[in-house]
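Below you'll find a set of structures to go through.
Each of the next two complexes has subunit A plus one more chain, namely subunit B in the first and subunit C in the second.
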Partner chain A sequence: MGLEVKRSLALSKGTIRSLYKAGISIGFALLLTSVLFLLTGANPFLAFYYIFAGAFGNVSLAAETLVRTTPILLVSLGLAISFRCKVWNIGAEGQLYMGAMLGTITAVALGNTPLTLIISLLVSIAGGLAWASVPAFMRAKLGINEVITTFLMNYVSIYLIQWLLAFPFRSPDTLFPESAQIPPSAVLPVLLPYTRLHLGVIIALFVALPLVHFLMMRTTFGYKLKAVGENPEAAKYGGINVGRTMFLALIISGALAGLAGFVEVSGIQFRMRPSLSPGYGYTGIVVALLGQNNPVGVALASIFLAAIFNGSTTMSRALGQPQGVVDFIQGVLVIFVLASEYILRYLERKGVLKV
Partner chain B sequence: MLTPLFFLKRSRVEATGNQADQPPGSEFALHVKGVNKTYPNGVVANRDVSISIMKGEVHAILGENGAGKTTLVKIISGCLRPDSGEIYVDGRRVEIDSPLKAISLGIGMVHQHFTLIPSFTVAENIALSLPMTGRLSLDQVKERIKSVSESLNLKIDPDVRIEQLPVGLRQRVEILRLLCQDVRILILDEPTSVLTPIEVEDLFRTIRELKSKGKSIIIITHKVREALAISDRVTIMRGGRVVKTLMTKETNESELASLVVEGFCPSLKIEHGGRGEPLLIVKDLRVRGDRGEVAVKGVSFVLHSGEILGVAGVAGNGQKELVEAITGLRRADSGTILVRDFDLTNRSPRTIIKKGIAYIPEDRMRRGVILTMSVSENLVLKNFEDPPYSRKMIMDKLAMERSASELISKFGIKASDPWISVSSLSGGNIQKLVVARELSNGASVLVAEQPTAGLDVKASEGVHQRMMELKSKGVGILLVSADLDEILKLSDRILVIFEGRIVGEFSRDNCDIQKIARLMLGASA
Partner chain C sequence: MMEVEWALIIGFIAAGIRTSAPLMLASLGETIVERGGILNLGIEGAMLIGAFTGFMGAFLTGNLWVGLLMAILGGILTVLTFGILVVRINLDQVVSGLAINLLAAGLCLYFFRLAFSQGAFPYLSELIGPYPIPLLSQIPVIGEVLFNQTIFVYVGIVSVPITYYLIFKTSYGLKLRSVGEDPLVASYLGIEVSRIRYTALILEGIFVGMAGGLLCLSMFNVFDTRIVAARGFVAVSIVILGRWNPVGAFAGSLLFGFTEALSLWIGTFLIGPASASISQLLSLLPYLVTLIALLIGGRRVRGPAALGSPFSKE
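Now for the complex of A and B:
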């Protein structure tokens, strides 16, 4: 009993540090964004107010934010697994496209059957997984740096899909380079009338999130991920197959990215388009870092980034500011997340903060 | 029986001999007064520590791991700031806020882990730490090295690359580098822990040479004999406090030992002999090192159950590669490794662990533990996939905690809580953790690589005690160590390894320490 209490205390100390770090990152990022607003002649307080109002101002706006959260969360949960193992999957964008493309092809090919949705979802998972397995194999067997391979394979994936959509899989009913519409049975049902809040939100928040949390925190695989990530030498010494663990971490993150892709098609777009993702695969990196590879943290960070995505549309309309501020915030967030450990230590040393 | 103590005893005579002409009460080179240091994690490392170092004196600071020795010298050398306390150099009050400042005051430290760049030459390494004026003149640096080394009889070739030098000479370069910076107070942190007996003798000669030139030397050690052999005065630290400072010639081994560890009396009974059937058979093993060179060149031996087989050798003669091949961490080019007739050559570490080979690695920080993970997680590193720690891939934290609490108390690991991260433990306690894990898995073979390196008297005794217990249960132990004292104390049989070959085998009866020491350095028997 006494030990139980102590453990929860010990846990909370690490959590407090993580929260401080997230707070520092967000604080500094918003501070720098405020400077940007001032330079372009906007009131930062007003700007942030519009961003907030645009994200959560009413039920349908909040529902839209959750819709936006879904692909970001799915991608970043996968990346959290891979980053926990210090396997830097920068290729979630390509894996997402590959999953979406293969899922769409399957859905269109199967037509309107009761199993279309579930089969297409599974195929999208397999698609992302397969796409990630190439750099995973190169990493685990040949020792080739996954940062380069995963990143470059994004281009292969996206251009390949552009070609597929322009020629073999071009929609017969529109003139655009996009796929045919998926059959109604492949569409994720809407949960809240008059909104786009679809079943994918449930899949992300109430299926994927708890599953990933359980996988990372309670299973031997989660232990291996952490051991390999923190000290591969000791992990090998302890009898863990380091290469296999890295391989699995990378393909699982690919699988979740693939799922995110098809959820986006079947919940929102209903067609595969070359412009399916506004960079969710990269946003996922920011989110996984900001959430410090903790599934709950990642969920909160996903909602935060989704809110900035959606809110900045409202903000830019109200204040005439460019929407590109989203990219700016994401960029500075990465920098400050990476710097937050040092900033926190600096503050601790100066006695400003005590953790 | 002759032991490496032989060397130390002789040097002691000389050391105390020199000490006689030292006028007592000469001026202090360094005076530390009332230093306190508490680490952010709440560990009090120094409490009201005061110490005075005289000019031209060799001063040993003796104590267990965690006694606060290293913290104290880190404060003196500017690596750490004290919470309170005063430091005087040559009678002047100083603030030492960086290692650079310490150097400018004439205080320099040789760390336990060397800070030389292996691919640079001696001169290039030394040039790095000399004041830069924008243009590097290696000739000037060489000139300086030459004048300093000649005045002190420290022979070294300034054009040789560090990686080509044996450890003893690398240490000499570290010392030389400080001397080129006009350091007058040299701090040596556990300088002998990496050296062979002959290299220790060389180091002691250097220390005496420095002393005769009026330098003050602070030597940190946990070995009582060493303190006796080389120092003029010795300060004993325990639990962050200074217990006492004594004139070395007025004290003896048992007094010092009892001051270092309150009420310590060595109780270990070593029993030799009584070996059983062959357990681990290594035949004609050839293994490559990191750079592709053949590091183990056809090694064969048999380890019996209930036997401690010592492998003596200077670090870097293939021991590392040999051990890694046996434990599955490195591929063998050819040869076989059998455990109870089961071929383990080039099998996975996991298979080898399952076949009952435990391994205490030399580099415990990098290989033995995962610093950022908790004590209980580290304790199950080798069996987290087995019940009761996990079932069907699901980990049982309660079972982990229960077994961790048990091991923590059984092995005396100082950890406030099984879930505390290993990085908050001291080096000695980390080693206890590794030993606890490796000895509690029911292995039949233990490969122990420098199992007591850096451990204090009590902790070493504890590790040796556990090894003897295992031996009496029929476990075969392969003890790989550069510490000849340890090998001689524990082994039933000794192999000497040099340049990847076994160059000598000694049973307890025909054990000739001089011959072993010579073979370790490559002399033909």
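Now for the complex of A and C:
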């Protein structure tokens, strides 16, 4: 018993390597961003100060950062499952929209009943799952590259939803292409007065995160994911149904993306809009890679990206920087996450780092 | 009456070929690298960079041809960056491609907003228009459809036999294909795998840079980070459907170019209360058709054997 605890407290070599890699990625990305700030005439220290202050400067700002973390975390937890078995779901954006749309339709149709919230949440999970099951089927049964199909389906879903909101489900009471407002009973309650921090953050951090952690680390399915990801041929000879594992991984990630979508409607927007997500489906990819498909790592990476998301708005206003710094950081971050293994090995060879 | 209908149909066919041009160029480029065993999903990002550098080049100098040159340079640079990731340091090709797409989106959004203040709406005052080929464009029907097009269409069509010849009839093509089938054996035979692959990537960069550039320089006169709209991924699908053959890629490009033109064309003919609704819904048609085509023609196809797998001699 005592031994067990000790072993789980001491960081394994793999964990230390992962931490180094995350550190290298973030370090290089911030360094490059600093260069960008210098080139555009902004003081990098001041810029990062404003980003930090804008994300955590007071209680309400910190609450907003957690609000931003919620959809990113839900999406990236799902992507971590899918990426663990090397199924590259880049359709989370579309799955998120489908979940949000179906959840909203359900909530509006049911009206104000005690079960509206829970049923709508379940429908959004089912919506994301169903949308992901198409590319999952194509991958598992027909061997069609899921990267292409999931991405193309983003376009189908977004155009479909724009149409649904412009015509059949257009709100009767506003001038915009958006849905009717969801009933009060479908709204996720606010946790902290005078902020937008809603129950969704509890769902993400204290329900989805432990569940995904358990699924990945403590079940045979989690083991299968890893086996398929590391060597599908060997997994097949070991008796694992590779196609089935890939199928499940992809639909579970779709389910979580769908949930993220309706949580965003139910906690923040209260209506379905074509502009619901500023690209959470893509941010989720960066987060899952930065967190190296480890649920805890993914949670930390979600908070980090959410902080940059919110903080860079404050920074842009203060320093006259253009909007879009967050996209720049996301872009360079993902390249350095990729290269970090190489950089780490290089540093080890040179004797700078020892793992 | 008949004449009017003829003119409409000819106009539609010409439009279909015009909208096929970016797909032709991109899928020919992708065919080359995939024959060499590299799956470049960063093509979407490379097209975006091409569109951006093309737009900026044309906007800043006022010369569309400078824009085209910048687009090609942007395409080459992006594809080579991808090449460094997958050829030099042997990273996973799929993830590297995704990384390139995210990087491209981030760079373009940031630098576009850096260059133009919020609310500014920069546009090009002219586009690279059709260049009628003397005499040939006078031929009835065929002249209008084939010989009164932009240079991008001409380059796309002419590149089909050239690419075919390059892949199947030259010694470079033989090496390229053997690298794509089995890079280890190829390297034992004395073929420099990375040199072959870098050459293929540079060729792809030229094609893809043009494909991206033409979006800004010949189709739309503005830049937007959503301008590529999955055309890169459609091009990758076309390569699969065309069985890694330039002729197949050409046919596939026409199919999707015509679908895109059709979804716009139908919209212009609709009248009545439902017309706005239907024409908006038609926007998803090209993506849906690509998915259905993959469902029918993309199952268990066998591409170059080493496609997508990292290679190092150690």
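Operating definition for what follows: the second predicted complex is superposed on the first by the 344 of 355 C-alpha atoms of A that agree within 3 Å, B and C clash if a C-alpha of one lies under 4 Å from a C-alpha of the other, contacts with A are read in each partner's own complex, and residues count from 1 in each chain.
Methods note: a contact is a pair of C-beta atoms (placed from the backbone, for glycine too) under 8 Å apart; a residue touches a chain by one contact, two chains touch by 3 or more.
This structure is a prediction, so every number in the text was calculated from the model and none was measured.
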First (subunit B), second (subunit C), both or neither touched by A:T40: second
Which of subunit B and subunit C A:I329 touches, first, second, both or neither: second
First, second, both or neither for A:T219, with subunit B first and subunit C second: first
In the superposition, subunit B vs subunit C on subunit A residues touched: C
Contacts on subunit A seen with subunit B and repeated with subunit C across the two complexes: none
Contacting residues of subunit C [partner subunit A, same complex]: 41, 44, 85, 89, 91-92, 94-100, 102-107, 109-110, 112-114, 118, 229-230, 233-234, 236-237, 240, 277, 280-281, 283-284, 287-288, 290-291, 294-295, 298-300
Interface residues, subunit A side, partner subunit B - complex: 3, 6-7, 10-11, 218-223, 226-227, 230-231, 233-241, 348
Residues of subunit A that touch subunit C when the two form their complex: 36, 40, 88, 90, 134, 138, 142-145, 147-149, 151-156, 159-160, 162-163, 166-167, 282, 285-286, 289, 322-325, 327-332, 334-335, 337-339, 342
Footprint of subunit A on subunit B - complex, ascending: 40, 327, 329, 348-350, 352-354, 359, 361, 366-373, 377, 381-382, 384-385, 390, 393-395, 401, 405, 417-420
